[in-house]
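Shared between the two complexes below is subunit A, which has subunit B as its partner in the first and subunit C in the second.
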Partner chain A sequence: MQWLDAIIQGVLLGGMYAQYALGMALMFGVMRIVNIAHGDVMILLSLIAVSLAGVLPVGNIGLIVVIVPIAVAIGWALQTFILNRVVGADPLPSLIATFGLSIALQNLMLEVWSADTRSLPNSGIASESFQIGPIYVGLLPVIVLICAFVLTGGLDAVMRYTRFGRGLRAAAADTEAAAMTGVDPKRIYATATAIAVGILGLAAVFAALRATVSPSDGSAQLIYAFEAVIIGGMGSIWGAFLGSMVLGVAQAIGLRVDPGLGILFGHLVFLLVLATRPEGIMARKK
Partner chain B sequence: METIKHMRVARATTSSRIAMTLGIVVLVALVAMPWWATSGNIRWAIELCCYIAIAQMWNLLAGYAGLVSVGQQAFIGVAGYMLFVLAQNFGVNPFVAVFLSLIAPAVLAVPTYLLLRRLDGPYFAIGTWVVAEAVRLATSNIDYVNAGAGMTLRVMTQYSQHEREVAFVILCAVLLLATIGGSYWLLRSRHGLALTAMRDNPVAAASQGVNVGRLRFCIFVAAAVGTGLAGAIYYMAQLRITPGAGFDPFWASMAIFIVMVGGIGSIEGAILGALIYFFADRLFGEFGSAYLIVLGLLTLVIALYARGGVWGLMQKLGDHPWFPVRRKLIVEERA
Partner chain C sequence: MTGTPILSTHALNGGYGDFQALFGIDMELHEGEVISLIGANGAGKSTFLKSVFGLLPVAPEMVRYDGEAVGGTPAHRMVRRGIAMVPEGRRLFVGMTVEENMRVAIDNARLPEDEGQWTRERLFELFPILREKRRQPIEDLSGGQQQMVAISRALLCQPRVLLCDEISLGLAPKVIREIYAILPEITAAGTSIVLVEQDVSLAREASNRLYCMLEGRITLTGASNDISRDDIAAAYFGASDAVA
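== the complex of A and B ==
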């Protein structure tokens, strides 16, 4: 029963990771860019949310309504002013640029918010739980998981059926050919990053509700998102969701074995997938 | 009447002869440090040598082999720990153990590369980070190496301060010779041509008969060993190692910053960058996070606007290589 509980908690934790991973899967699938500052942007949004909650009495839903547009604006600006200058066949410039941005952001947050851990004021929702048989399940993690599921489905549908999604996939397959057929790759890229960071805005509010955040937490979130994307299979939206579940369950089981081993188990499962099925669980057929 | 053409290949330039002479002077001065410098200065010199070596190895990886790693701290940490275990737990002479400890980064680098080669570009980079994190977490859970509390190199107390300093400056000279000299030798060799071709275009290089995969593998392992040597020397001088320090991602940030600011894809760039970083750290380190914000933004700006770094700018002013790797054909006509 202890292990069933670990698996359930792991899937719920995976819901949180899926919210980090979706944006990364989208950006890598389209632009082949890995934004090293991905986790730091999320932490930045969390800290903004915590500070705003102290000033604006808007409640959690209101906070999401305020933070997501800010996130979308940050994403759009990030792509337009930085990433669009470094996209290309050579991955080095984008990697180095976002790496520098990550260090700058982390230390900027340290200056502004200090190294203290912070979280959103507990509004009851974070501590509510219900019981299924002998297992207690937190209400907030379930909401996070449902949100992640809906977002994944929505993003997948957008990619498949909308004009924007078609443009996105065309630009991903061949930027120049897409440009010739009337797709503006730079605008598509900016929209994609805006969506990716917008999702992070939602994740940021949930993360600050669920646990605490501090300026140096970003790199861990980046690594989890990355592991989820690789485990699931690069370029697959549902793969990122599934990879997050696998990662969450691995960490939860590791945590039951020994409190010091949770995160290590996640890394080991990632390396195991890389060794045995490098294309990921849900690799897109070529 | 027929002119006989004599052809020869020139490799050294005036600037390179000056640089070589200066290099030898610096090396001699470094080894003589215990007789003319203070202990504080020697500690600085050890630190600077380690920065140069780690940056040079990262430059070889990212600048030539196209392997961007943000997990080099894995090799620094394992070499450091191996040294501490050999010297402290097995009683091996620490100055012998420094070289024996290079087995650890080599052994770690082989499976790391074989696993991660499947990931391209940026994903390779984060993959190396995951490996470094996994090794850090594993180390923090092994009681044999004192888990998260770290180890202390108590055996060093059997040597006098002067003996230790003499040994350290010799080790540093060996480190510089191995990393800078080794890179220079590699780049001037047949493999250097292949590496330069790979840096400019891996696909074209492969079509010319360069075994890109094998060369990358060899560079990855060699860079791991070079980085490990720097790590072992650094932590030997520190006398203490903890998982948090030995596997600190800041090692990778530092290497990236040094190479990008100095100029990627050149031996001179890594040296210049290390000097700039070292003195900037001494001057502005007290400003803490504000200083790191500037470092981060500087890296960003260089990636966006000045990919050649400081060495790239200096080359625009005049072509005076310190470590020329090019070959120049000189045709002499005689009657």
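== the complex of A and C ==
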């Protein structure tokens, strides 16, 4: 029973990771842009949410409604003003640009919010839980998991069946050939990054509800998102969801083995997947 | 040929950064016409097509389309105006199916599929093998089949001008004949064609007029069936060593 509980808690934790990983699946998995600032942008959005909650009594749902458009705007600006200037066959320029951005954001956040940990007040749903047999399950993590599931299904469908999805996959496969076929690669990339960071906005509110955030937390979120995308398989949206589950369950099981082992277990499973199936669980055949 | 050409270039210079590859190219293409552009490896044929199509920077006045100066307009906007390209090396979207490759063109075409000359259905009739393979990833197709997809993708942009860069390269003679056989159908649909081709006799047969390029300059031009082989040899290799 203890292990079943670990698996359930792991899947719920995986739901949170999936929300971090979806944007990464789009940017890194599909567009092959390495965004080192991924986690920092999320923390920034969490901190904005915490500060806004102090002055705007809009409730948690209201907060999501405010933060997601801010996130979309940040994503669009990030791609239009920074990444579109450096993307190309060579991943190094985008890596360096976003590495710089990551450091700048961390310093900015330290300046504005100091190094304290913060979180959103534990109102209503955030503290409720229910019982299935002998196992207690928090309501909030379940909502996070359901949101992650719906977002994954939605994003996957968008990538497969819409004009935007086809254009983005085409631009990612061959930017110049996509332009020759009428796709405006810069515009479609800006939209894609806006979506990726928009999802991060939702994750940011949930992260601040679930736990605490501080300006230096971004790099851990970055690593989890990277690992989930690579475990799942580059280019696969459902793969990123599955990779998040694997990561969450590995951490929860590690935690049961020894309270200090949780995070390490996640990394070990990541390395194991890299060693045995480097193309990822759900990678398309080449 | 009378009237304004649908596409023309005027003293077009172009290249890559500091490297100039094209020197004062004047070319014109009239409605319903097929012109071919021949030249040795590295002559500048692909560079010319890319310069016309907005993939390399040129001054606005250097390219005129439908009477308007359009040089330097980005490629994706050229597609909307009615120019499409079958690029050298096919450049299909790997990881996507045959039909998805086609749909990217349909999504961004000059006209919707049901208003244009070209539909998937019509292309599947021209290239029946593509109907069979429509749900297969592009990388599972043979070179000839991929070339058929590349041509279909360009046609589904519903172009008025089609730029073809070495569509016969690396294909078996039978497949080349199959592909060239549809050119008359394309011109009949009202599309003019610029054909870049290494195979000189193929280029002559398929075109109304011919341009020969040598080291970034046009060295010969005229009606395809008037030009003698000797003239072509001289223009192709340079007058001094016209031995072929």
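Going forward, the second predicted complex is superposed on the first by the 284 of 286 C-alpha atoms of A that agree within 3 Å, B and C clash if a C-alpha of one lies under 4 Å from a C-alpha of the other, contacts with A are read in each partner's own complex, and residues count from 1 in each chain.
Here is the rule we use: a contact is a pair of C-beta atoms (placed from the backbone, for glycine too) under 8 Å apart; a residue touches a chain by one contact, two chains touch by 3 or more.
Quick caveat, the model's predicted, so the values are computed rather than measured.
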Message: According to the stated criteria, A:V58 is in contact with first (subunit B), second (subunit C), both, or neither; which is it?
response: neither
- prompt: Is it subunit B or subunit C that touches the larger share of residues in subunit A?
  reply: B
- request: Would you check which partner chain A:A157 touches, where first means subunit B only, second means subunit C only, and both and neither mean what they say?
  value: neither
- prompt: Does subunit B (first) or subunit C (second) touch A:A170, or do both, or does neither?
  reply: second
Task: Go through the superposed model and pick first if A:R85 touches only subunit B, second if only subunit C, both, or neither.
output: first
- request: Could you look at A:P93 and tell me whether it touches subunit B, subunit C, both or neither (first, second, both, neither)?
  value: first
Query: Which partner does A:L4 contact after superposing on A: first (subunit B), second (subunit C), both, neither?
result: neither
Field: Residue ranges of subunit C in contact with subunit A within the complex
entry: 53, 55, 74-76, 79-80, 84-85, 87, 91-96, 100-101, 103-105, 107-109, 137, 139, 153-154, 157
- line: Residue positions on subunit A within touch of subunit C in the complex are 163, 166-167, 169-170, 173-174, 176-185, 235, 284, 286
Query: Taking the complex as given, what residues does subunit A use to touch subunit B?
result: 28, 32-34, 36, 82, 85-86, 91-97, 99-108, 110-111, 219, 222-223, 226-227, 230, 234, 258, 260-261, 263-264, 267-268, 270-271, 274-275, 278
- prompt: Which bits of subunit B are touching subunit A when the two form their complex?
  reply: 62, 66, 68, 70, 115-116, 118-123, 125-127, 129-131, 133-134, 137-138, 140-141, 249, 253, 256-257, 260, 264, 289-290, 292-293, 295-304, 307
